[in-house]
Amino acid sequence: MTMANGKSGTLTKRDGTGISDDQAVALLHRMMEIRRFEEKAAEMYARGKIHGFLHLYIGQEAVATGAISALRDNDYVVSHYREHGHALARGLDPKRVMAELFGKETGVTGGRGGSMHLFDVSKSFLGGYAIVAGHMPLACGLGLAEQYKGTDRIAVNFLGDGAVNEGEFHESLNLAAVWKLPLLFIVENNFYGMGTAVQRVSALVEVYKRAEAYGIHAEQVDGMDVVAMHDTVARLAQRVRSGDGPVFLEAICYRFRGHSMSDPEFYRHKDEVERWRALDPIEQMKRRLFDAGVIAEADVARMQEEVDQIAQDAAEFAEQSPAPSRESLMRDVYARSPKLEEDGRA
Amino acid sequence: MTMANGKSGTLTKRDGTGISDDQAVALLHRMMEIRRFEEKAAEMYARGKIHGFLHLYIGQEAVATGAISALRDNDYVVSHYREHGHALARGLDPKRVMAELFGKETGVTGGRGGSMHLFDVSKSFLGGYAIVAGHMPLACGLGLAEQYKGTDRIAVNFLGDGAVNEGEFHESLNLAAVWKLPLLFIVENNFYGMGTAVQRVSALVEVYKRAEAYGIHAEQVDGMDVVAMHDTVARLAQRVRSGDGPVFLEAICYRFRGHSMSDPEFYRHKDEVERWRALDPIEQMKRRLFDAGVIAEADVARMQEEVDQIAQDAAEFAEQSPAPSRESLMRDVYARSPKLEEDGRA
Amino acid sequence: MPEITYREALRQTLRYQLQNDDRVFLMGEDIGAYGGSYAVTKGFLEEFGERRVKDTPISESVVTGAGIGAAMAGLRPMVELMTINFSLLAIDQIVNNASKLHYMSNGQITVPLVLRMAGGAGSQLGAQHSHSLEGWFAHVPGLKVVVPATPYDAKGLLMTAFDDESPVVFIEHTALYAAKGEVPEEPYRLPFGRAEIMRQGKDVTLIGYSGSVHQAYRAAQQLAEEGIEAEVLNLRTLRPLDIEGIVASVRKTNRAIVIEDDWKFGGFGGEVVSIIQEEAFDYLDAPILRCSGSDVPMPYSHDLEQAALPQEADIVALAIDLLEGVTR
Amino acid sequence: MPEITYREALRQTLRYQLQNDDRVFLMGEDIGAYGGSYAVTKGFLEEFGERRVKDTPISESVVTGAGIGAAMAGLRPMVELMTINFSLLAIDQIVNNASKLHYMSNGQITVPLVLRMAGGAGSQLGAQHSHSLEGWFAHVPGLKVVVPATPYDAKGLLMTAFDDESPVVFIEHTALYAAKGEVPEEPYRLPFGRAEIMRQGKDVTLIGYSGSVHQAYRAAQQLAEEGIEAEVLNLRTLRPLDIEGIVASVRKTNRAIVIEDDWKFGGFGGEVVSIIQEEAFDYLDAPILRCSGSDVPMPYSHDLEQAALPQEADIVALAIDLLEGVTR
């Protein structure tokens, strides 16, 4: 895209790492897309187009956007139920994601998964899981498989601060460490698991320090800063790829909306939320790009129009898409087994 | 008991803690009793009197003996399936324990539990569990209950090195730390979980360091030294009793026999076993008491006769005891609920 | 009698227990500050304090195990597992410890634990959040399994659960919390192992529990219009099961249909069918049928989810077939 | 044909898979250095190395989940859970991930995982180590559940399990590892969902699987002496279940007894009973009976354990009752 000024590489660090202006703008654009997409989803939920649980990522966009922008396309991404941001950052089609939230046949899983279970294997986006920490063992297995095959493909596992107290968190970190699995764990510490503040349930409040108990290299990063997320993950992904075993990253962030659409938010003060809103990752990035003279108000206005359109198109596509046929209910409970069909059995 | 010499307090430390000569001799006696009891059990297993799994504690006697001797009678003791030593150290009747191994009605649980499930609530010995780490949450609950009631009773939870990789280990340590539960965790690190060496499956080989990830005070002790075990646990139990929350102790020890009676021991070298046998906790303690002039060969000979007799009597008692009646099979599947019987319901 | 919701009925018993028995305390994920994911414990933290109402880490296994341990030590914990889906992470504690310790210890230990969880489907929560595994718990000796269908059931059965010395798995239905019904203000107990005859009938017995009772009842009303008088049984508890009551009804109607949300294959319905044909074989005019959920992971999409769940229309159709099958 | 043990039969298929498909690897607790708790993988670590044979930490959940993940990535892991008792610690992975991912992902993901475990009772291992929970797995759509009774079954069914694209729960019986039987040397597959008629008979059908098949067979021999000809079915797989085969047999014999070690109440037997009475109602001369384990945590004591388990004598007695019931 053309810039307000000729400058370039404003966000490139002295050591040559970091990102170009185009990348920087792309990150902002992606975050705006995710934000708008979810605002639209919330609207559709209110209008009764979406049901079940809807967990918004609003406020945390920088984490998924920055992190995933630093990965290779075929690195595995495994997330939990608050994964719209990860899915869109991974390049899943917003239309098909919205259609999934609507429970339509055109959705990424044909309306079978819904908001908590987005999958797109063609994009190495391996889901969308609703059991806290239950996806961590799977990520370990994906990493194990690539290690076994001898590739340098890695698995990136997003989880929340609430997941660190599950037994599977412990088993997964230990196994990843003992077997030196190519895994990058990214904990999005937004300070709450539903309504429970981290310090009320975690013996160790600095989540990243947990990883040290497994001899896993761990760092903390500002999850409200998309550039920091990108640079940090780029560096850590490289380290994981080199075969030294897993790395653990704690991204400090905040969820601006309730846990789900039904959350009365008894557990936190409005002004705490306000303090964090002041750190909105999108506004921060805009200011940064303004100050660097990379973009001007007009660029942002145009980008806003673009993402409005994307969200609008997604909603219309979802609305117009057909519901899956009831006849399809029993399809794919079992996979076809060509080898067994050969000898006409099972 | 009368000593070979008049001296006393030979093992009392300068700071006044530590144990008297009588206590020291009692510890030796207890270890010898446990050793002999299990040798007899092994013999009875070979003679087909005992079936199922039989996990011998031989080599680790100092851990249970020293630790439990430092507790109050009503502190809870919760162990795993290798618990003959803990049960006898707790003062359970050897006759009834042997009868339990025989599956007789006179056993501590009437022959229902067997070797892996010894219980004696009257002695605050809360079992005997066969699911690795599955007993840790129970110990947390016992501690929680006493904290809730406001007593200074504590729960002592024995586990093996293999248990530290289970999810429940993690969940239990975290909960105990967050709620400051009155728990003393004692890991008996005998270097193997069945045939798997600790370093092959644990990211952190120094087990006690795991506890630091939960902010739990942790120490390591020589589990082949019964006096060190006693002194350390006396000090740590006091600390737990004071209400500062859980404490974690790693006792370095070694199992001289196979994991169970059927273990071919492919996984370790005979000479490794020999090196450890040289550190036999019983022989160490004898030498120590000889050197200190607390006992003489004659005393040991007499003690040996006593424990031979105890083991012999236990085996005879078990042999002569009746098997539980088949009619009793369905008893106690459900507890009686007086309150509900009142209104003649359920 | 005042009309209150299923949720309020549960709250009344929980509050009664908290007020009248200091051995009772509640623990679970988000039951305190958040107010409970289904708002059953809303306000309790403020009313009873942190000693009695404990928010826990997301650690189902240790929370359940700690409840068992506390019960072993003489307290009467109520552990809320939020939903039955998460009970899978605590099932070793439930099966290997809670259900067995009284027996294994030869009666030395008792585990008076109340384990509450929300089950059932129908709210488009997707495959991982739509289980109806009550049949699994009902399979385990040592456990009692309670499945309230109405506010009246909810209040009275939960009261009984707290007075039972054995571990009780108390499974509420997510779709029923807002359902209303008449409930006495004073505390009362409903016995375990006694089904309620919700409707008398002579032609066919419709056996349901929790959510499916209501479908059965509505189906019975439709059948009445077709001139078919269905008897509707609300099991209330799966273990103990009211075998007497079930058999008595079928001996009268000579036909039965078991209705449940859970997957049909290997589901609890099979136990009910087996017992009926063992105990009332000579009274049966037709095979006992099951109207259950489809054998499929629950899809999110509304249409697919409804297609996967048993519907009133299905019950009606099966009942009509049964009766025609006989007249034929 | 050579006579080999059930254990050796399993070893032959595992070795064949390791030798012929590099996507296949084994993981589990003590399957390597220790040689496998039932010696099924003895020597494999030395023969195939650490890449193919992985000793794991005692972490059932992540080991199972890692197997699922590796299968998602195109490998064919065989995870050994040592015993079915420990599967309770991995059951969330099995139920919420392994069984559902193919469906939830709308067919994008497949999970060709073979999950082996030893089940059954009878060796005095006590309550926590004597489960027969195959019925639970059989209840879960998306899983296939295999229960070999003979060395011939073991080798052929395990071969099929590796060629199936869906997750297979393969449950061996602890009491059968040393049992011998004739097994072809060359590799072969046995189809899922096809029961074996172990013995032809016209008077009553005895339906068993895994260990209980042998009791049924011996009971049939005793019954023959009483002049009763029992047909014996070896189910081989519980899911898929050979409904056709079962129904065909009962339509011939008009009577059936289902035999299983597991607890009777809510057990898998109820499914078999339900299907038979649904599909062969008019052919039944008597109620279908179940000869199952007692509803009690398994006691250690030999006498009590035997009292809790179904015995040949019980089967014989039930069969005689059934037939007299009719002649009466």
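Letters are used for the chains, namely A, B, C and D, taken in the order the chains are written, and counting of residues starts over at 1 for each.
The working rule: a contact is a pair of C-beta atoms (placed from the backbone, for glycine too) under 8 Å apart; a residue touches a chain by one contact, two chains touch by 3 or more.
Because the structure is predicted, anything quoted here is derived from the model rather than measured.
The chain with its C-alpha centre at the largest distance from the centre of chain D is A. Across the two candidate interfaces, A-D and B-D, the one carrying more C-beta contacts is A-D. Distance between chain A and chain D, defined via averaged C-alpha coordinates, is recorded as 41 Å. Centre to centre, using the average C-alpha position, chain B and chain D are separated by 37 Å. Centre-to-centre spacing of chain A and chain B amounts to 48 Å, using the average Cα coordinate of each chain.
Annotation: 30 Å between the Cα-based centres of chain C and chain D. Shared interface positions of chain A, i.e. residues touching 2 or more other chains, are given as 110, 112-113, 117, 129, 131, 134, 165-168, 171, 174, 178, 200-202, 333.
The multi-chain contact residues of chain C, meaning those touching 2 or more other chains, are 56-57, 59, 61, 85, 89, 92, 96, 103-104, 126-128, 141-142, 295-297, 299. Across the complex, chain A is touched by residues 165-171, 173-174, 177-178, 200-204, 209-210, 212-216 of chain B.
Residues 51-53, 103-104, 110-117, 129-134, 162-163, 165-167, 193-197, 200-202, 259, 263-264, 266-267, 323-324, 326, 328-330, 333 of chain A touch chain C in their complex.
Chain contact summary for the complex, chain C toward chain A: residues 29-30, 33-35, 37, 55-61, 85-86, 89, 123-129, 294-297, 299-304, 307-308. Chain C makes touch with chain B in their complex at residues 25, 51, 54, 56-57, 59, 61-75, 77, 92-93, 96-97, 101-112, 141-142, 144, 160, 163-166, 189, 191-194, 240. Taken in their complex, chain B has these residues touching chain C: 76, 108-110, 112-113, 117, 119-121, 126-127, 129, 131, 134, 136-146, 148-149, 167-168, 171-172, 174-175, 178-179, 331-340, 343, 345-346.
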